[in-house]
Amino acid sequence: MSLTNNFIKEKLTNQFGEFILGIEESYGMLSVTVKSEVNLKVLTFLHDDAELSFNFLTDLTGVHFPDRKGEELSVVYHLHNLVKNARLRIKIYVPVEKPDVYTATGLFSGANWMERETYDFFGVNFVGHPDLRRVLNVDEMDYFPLRKEFPLEDQTRVDKDDEMFGR
Amino acid sequence: MGQLQGKCLIIQQKLKSSMTILQIDFFYFLEKLLLIGGVITFSLVIAMYTTYAERKVAAVLQDRLGPNRAGPFGLLQPLADGLKLFFKEEIIPLTSNKLLFVIGPALAMITAMLTSAVIPWGSTVNIFGRNVSLQIADVNIGILYVFGVVSLGVYGIMIGGWSSNNKFSLIAAVRGASQIISYELAMGLSLIALLMMTGSLSLKTIVEQQMSGGWGGFLGWNVLYQPLGFLIFLICVFAECNRTPFDLPEAENELNFGYHQEYSSMKLGFYLFAEYINMFISSAIVSTLFFGGYDIPFVNEATLAHTLGGNVVALLGVAALLAKIVFFLFFFMWVRWTIPRFRYDQLMDLGWKKLIPLALANMLITAIVILWLNK
Amino acid sequence: MPINYYILLSVALFSIGIVGVLTRRNAIIIFMCIEIMLNAVNLLLVAFSKMHHLRALVADRATTVGTDAQLFVFFIMVVAAAEVTVGLAIIVMLYRNIHSVDINFLNRLKH
Amino acid sequence: MASLTTRSKVLEQTPLNLMERLYLPSIFKGMAITFSHIFKKKATISYPEEQRPFSPVFRGLHVLNRDEDGRENCTACGLCAVSCPAEAITMEAAERQPNEEHLYREEKYAAKYEINMLRCIFCGLCEEACPKDAIYLSETFAPSNFTRKGFIYSKDQLLIPDPNTEKEKYQVAKGLREVHKKNKK
Amino acid sequence: MSIIEILFWFLTALALFGALMVVFSKNPVHSVLWLISVFFSISGHYILMNAQFLAIVNMIVYAGAIMVLFLFVIMLMNMNTESEPQKSKWLRIAASLSGGSLMLVLVAALKDTNGKVTGVFKVEGNIGLIKNLGQVLFTDYVLPFEISSVLFLSAMVGAVLLGKKETNSIIS
Amino acid sequence: MQEQLNINLPEGSIEKQTTRLNLGPTHPATHGVFQNILEMDGERIIKTESTVGYIHRAFEKIAERRPLYQITTLTDRLNYCSSPINNMGWHLTCEKLLGVKTPKRVDYLRVIIMELARITDHLICNSIVGVDTGAYTGFLYVMQYRELAYEIYEEVCGSRLTTNMGRIGGFERDFSFAAFQKLEKFLNEFPAVWKEFENLFNRNRIFVERTRGTGAISAERALNYSFTGPNLRAAGVDYDVRVHSPYSSYEDFEFIIPVGTTGDNYDRFMVRNAEIWESLSIMKQAYQKVQDFKGAEAEVYHADVPEYYLPEKADVYTKMEALIYHFKIVMGETDIPAGEVYQSVEGGNGELGFYLITDGGRAPFRLHFRRPCFIYYQAYAEIVKNTMLSDAIVTLSSLNLIAGEMDA
């Protein structure tokens, strides 16, 4: 029995009707936005439900939308049901002032570093994470570099210090 | 042959008496001094060129060209390497134990060189009417002496590894020490079977016994009678020389070159040289004990001496020994560039649980056979 | 070389060993000093064996007098080796438990 | 865990048999393999004397092209600089003066053209971007240098030899270029 | 002075100096190395007395095995000058005095013995050679020999048992 | 007596019986820059703390300022042992976003290149396992054929390691005759060489004992740690992106998924070995299919999408329309729809995912790489616990941790 997007949609709305903020389908993949406080419940349900059993966390990452007031930071989970070969995207939004999200490390050991990476780049505070430190950047860094307010470099390249590149 | 043996006996007796009371006549002293100098120089040169051979053999086995820049075919490469090592900066780590740090490589070098004293490089040559034995000292406990020196070889590794004050070096030193001590046992036990057959500890006597075998000495080679003993001995020699598959003390992928990690300049050179000298000497001992030493196979040296003269035959014998040594050196390298290395516990397992019982069994079988034949 | 010299050398070595045992607190060094004392005795045994052998040789060319003394030395070495393995194992054990090789700590055994 | 597909094949870990447990047979087998390589053709070459042939489309050092009359092709449109992911190209444009027709093909030319070879990743996007056939990547390696400054190649280092003054050198460079063109379509 | 006498005095001096350094050097590793030199000089003495077998065995057993064990243990415990426990000055002086007086007593007792008549070095006498020793060892002393091997075995087992630690207590 | 009363045990003397060893960042086995702080009891590892390393290059940030076609050069540097797969993965992502349909021949050519890249990747990994167990020679034997594979890349795109191969919609040029020739040479000669390599290792007891039972991870733990690729298959789960979500016409090919049983180093080694054989078989099939194209079809090497695929150089010099497209594409002025795409390919190390969000601008709004190495390196501490130092080294290489992929 294959797992259709409609079936998943139905199942999720039955379970978490009032917590679901939006459901869309882009390029064949179902993408569900839920309230940030129920993310762990949704993930646990998806993981444990006998029919859904999304027990493989493909990816976990963050996105920064500076223009959406009150929900600037987003955390995106890509789940995969290997047996029925269905993929699902779960999204949550949190305000940048208080970016608290429940950790998924209890569910997926692999989420550990992915969450650390997301914290490192976006400053998402994963509540309950066993070891929430920076993972790719230096420990002393005091900002979250992948947020949009930090420009990559000046495109006009006038004041760029190129001494290190031999200029 | 008989005449030669007689001569040998006379010399031996002379030698023995000189050893015991250390009454030294001047020419004898000079002759030995020259021989010692010759052997040391020779060992160093061989060690130098073994480094070259190692690289060339590795290259050839690996479809590469190998060193070919310094001199024709890269033959001057060892000189260039040596020069480079001499001119490199000496670095002694601040946290190291400086005295021991310097002593380490020296000890490694000394113990490597010491063994060459009892190896019979050839029979006697006649120079200006003097019969000169091509052996520095024919002590009647030659093999025991070899073991004594080999058991000291561990100090160079241990002291060097410990005094560097580096954890990798320390691990390497511990590995090296326990490996060398463990394999000494199997090595000694494998030789006891051989000693039962020969009944002598003198290397010269062992060689002469082998020379008296059939087919110009070939049938007397101990390897034909002690194949298992030879195999165990060879494996232990690999372990004693820290060569692959037993190169745990310097396992470059695990321990960053192990005990000589902190060394630089000629101190490093000493360690590397000591390793190659060890290989050279070990090959010499294997050839002497199991492959007839300076015996030329399928040739009766005594009859040949009538036609060619004693000195030529003696030199031919030296060449035969060298050929055997070169083969074993190649074998060392061939094995190194073929197989993976053991893990520490597997190494100990092999040494204690397999080689020692095997050596004991070999000993037992040899003893039974000897008893049975003598009955 | 007169036998006296060997006796004196052994006595000196033995006394140094005793001084070492008395002055040091490190169990391993004490152990090593005991080894010095054992070796002093070994040396003396060999010297005596040689002396008696030479005496006996005058009467009988094929005598083996004195061999047993050298065998004693051999046995002493055997015992020493066994003793060192066990002793060092005990010291290692001690070190593992109290992280020290100071013999004064051994007083703790009393309690 | 149950199989997810019908295509899987399990690789069982078969225990070693007696011969394999003896160490030596497999060691000798390995040694035979390595020994047989003594007689094989050597894979390495003595580099500076011998050089391996590059493919005709190899992406090496850049060359600024001239046309048959020795005029520079570049018109300083800046597409190469824009397309460069490493931002290694800098240029300054200048108007061609009336007496400079023999130097520059178009009305505009690059007065300054620099490629920083330390930044360059030799991706070839500049060559793809060029609408004037003015820059291409040749079959040469980046040479070494003592200073970082020495890696900033100025225009005179990049330009192909002038066919009017150095005909032969130009022919050599051009010859490679012809092959290049043919194979790239 | 013959060459033998020179050797004798040299080895004696080395042995005594080495032994003193074992006792007085602060760094245990140095002590071990000095002790090795003591063993070497004693081996030298054995050779002078034509006890070749004992000389080599002394080297193999003491220098090659026992001292390696010592070095091993000291290195693993990472002992150095700083960690070396010291006795109080008075205790050390007292100990040296008592040791010295013991030597004094012994020397005094032995000084008048008539040892000069018996030389130890002579060409004759091959009891130190391995052949003679083996002959006696495997005939008259075969029982002690076997017993000593049992001793060895039990020492080995004992050492292994002592050295073995309860692994689970550390990992947990 | 005064002395004895003052005896105090040194602090922590009884508890602290372990050593701390820094494995990396300058250790020869940490091929790259990552560091493991090992808590050792003798040679046994009790605890590990892994650090990813110090080469973060901010690819995800850089990608937010680059037009799509320039991002290919960034993907080169992820898993640099198999950069063509990364390139193709990125092109596939863009094509999915832009709705570009590639012709079959392009798909098959891509399959050839991707499987070649997979072979080079596995070949490096397995021979490095050999090197780290101490046998160096096999590495150089198979390395000669990586060289040949690189020459094929060179014939196709002009570069060897960081290939920047292909464009959105296809390849920048058709495979040359020399490329096909070298490909044939590879297909003919490589099997014998790989057989020889297997003979050197597979049944050698020293090697088998070094790898069997060491560094094992169970299927459950591997799934929980989000393992993919050969490392997951070694644990016994036959998950393969090529089969589960076929891309680039992988559904047209016959191949099997080798899986291990215990997930130890030996299984990882053997799974990679078996995958090399499968890749060879796929390459042969694809090569046959490419040869079967006749007529105009046999010339196709890119999709017919003038808005995204650069026009022919000759047209650019002569035709106005082509020149306009050329400028638009190079300047990044082509229309890019706003959307959200996740596309994954089976990279050398596992599922290499591209999560791309666009907002209609010329550069991605957000691009995230799912880097398999980064994800399964976190299991290293658990895998090597209670093994010996030597095993940890072999595990490090058999997991095929590539620093470039860990730290994007």
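Each chain carries a letter (A, B, C, D, E and F) given by its place in the written order, and its residues are counted from 1.
We take it that contacts are C-beta pairs under 8 Å (C-beta built on N, C-alpha and C of every residue); 3 or more make two chains touch, one makes a residue touch a chain.
Being a predicted model, the structure only gives us computed values, none of them experimental.
Novice: Have a look at B-D versus B-E and report the one with more C-beta pairs in contact.
Specialist: B-E
Novice: Could you say which chain's mean Cα position falls nearest to the mean Cα position of the entire protein shown?
Specialist: Measuring from the global C-alpha mean, the nearest chain centre belongs to F.
Novice: So what's the Cα centroid distance for subunit A and subunit F, whole Å?
Specialist: Using C-alpha averages as centres, the distance is 24 Å.
Novice: Can you give the whole-Å distance between the Cα centres of subunit A and subunit D?
Specialist: 40
Novice: How far is the middle of subunit B from the middle of subunit C, if each middle is the mean of its Cα atoms, in Å?
Specialist: Taking the average C-alpha coordinate of subunit B and of subunit C, the gap between them is 33 Å.
Novice: Provide the list of subunit F residues touching at least two other chains, using ranges where the numbers run on.
Specialist: 3, 17, 137, 140-141, 144, 200, 204, 206, 223, 237, 239, 244
Novice: Identify all positions of subunit E at which a residue touches two or more other chains, and write them in rising order.
Specialist: Touching at least two other chains: 4, 50, 53, 57, 65, 121.
Novice: Hey, what residues on subunit C touch two or more of the other chains?
Specialist: Residue numbers touching two or more other chains: 96, 100, 102, 104.
Novice: What residues on subunit F touch subunit D, complex-wise?
Specialist: Interface residues on the subunit F side: 66, 69-74, 76, 137, 140-141, 144, 147, 151, 154-155, 157-159, 162, 164, 172-174, 176, 178, 196, 199-200, 203-206, 208, 212, 219-220, 223, 236-240, 243-244, 255-262, 266-267, 270-271, 274, 310, 312-313, 316-317, 323, 326-327, 330-331.
Novice: For subunit E, which residues count as touching subunit B in their complex?
Specialist: 3-4, 7, 27, 29-30, 33, 36, 50, 52-53, 56-57, 59-60, 63-65, 68, 71-72, 75-76, 80, 121, 123, 129-130
Novice: Taking the complex as given, what residues does subunit B use to touch subunit E?
Specialist: My answer: residues 17, 20-22, 24, 97, 99-100, 103, 139-141, 144-145, 147-148, 150-152, 154-155, 158-159, 162, 170, 173-174, 177-178, 181, 184, 201.
Novice: Using the touch definition from the top, list the residues of subunit F that touch subunit B in their complex.
Specialist: Interface residues on the subunit F side: 19, 21, 27-29, 43, 130-137, 140-141, 144, 200-201, 204, 206-207, 209-210, 388-391, 393.
Novice: Which of the residues in subunit B come into contact with subunit F in the complex?
Specialist: Spelled out, the residues of subunit B in touch with subunit F are 58, 61-64, 167-168, 171, 244-245, 247, 251-254, 256, 337-346.
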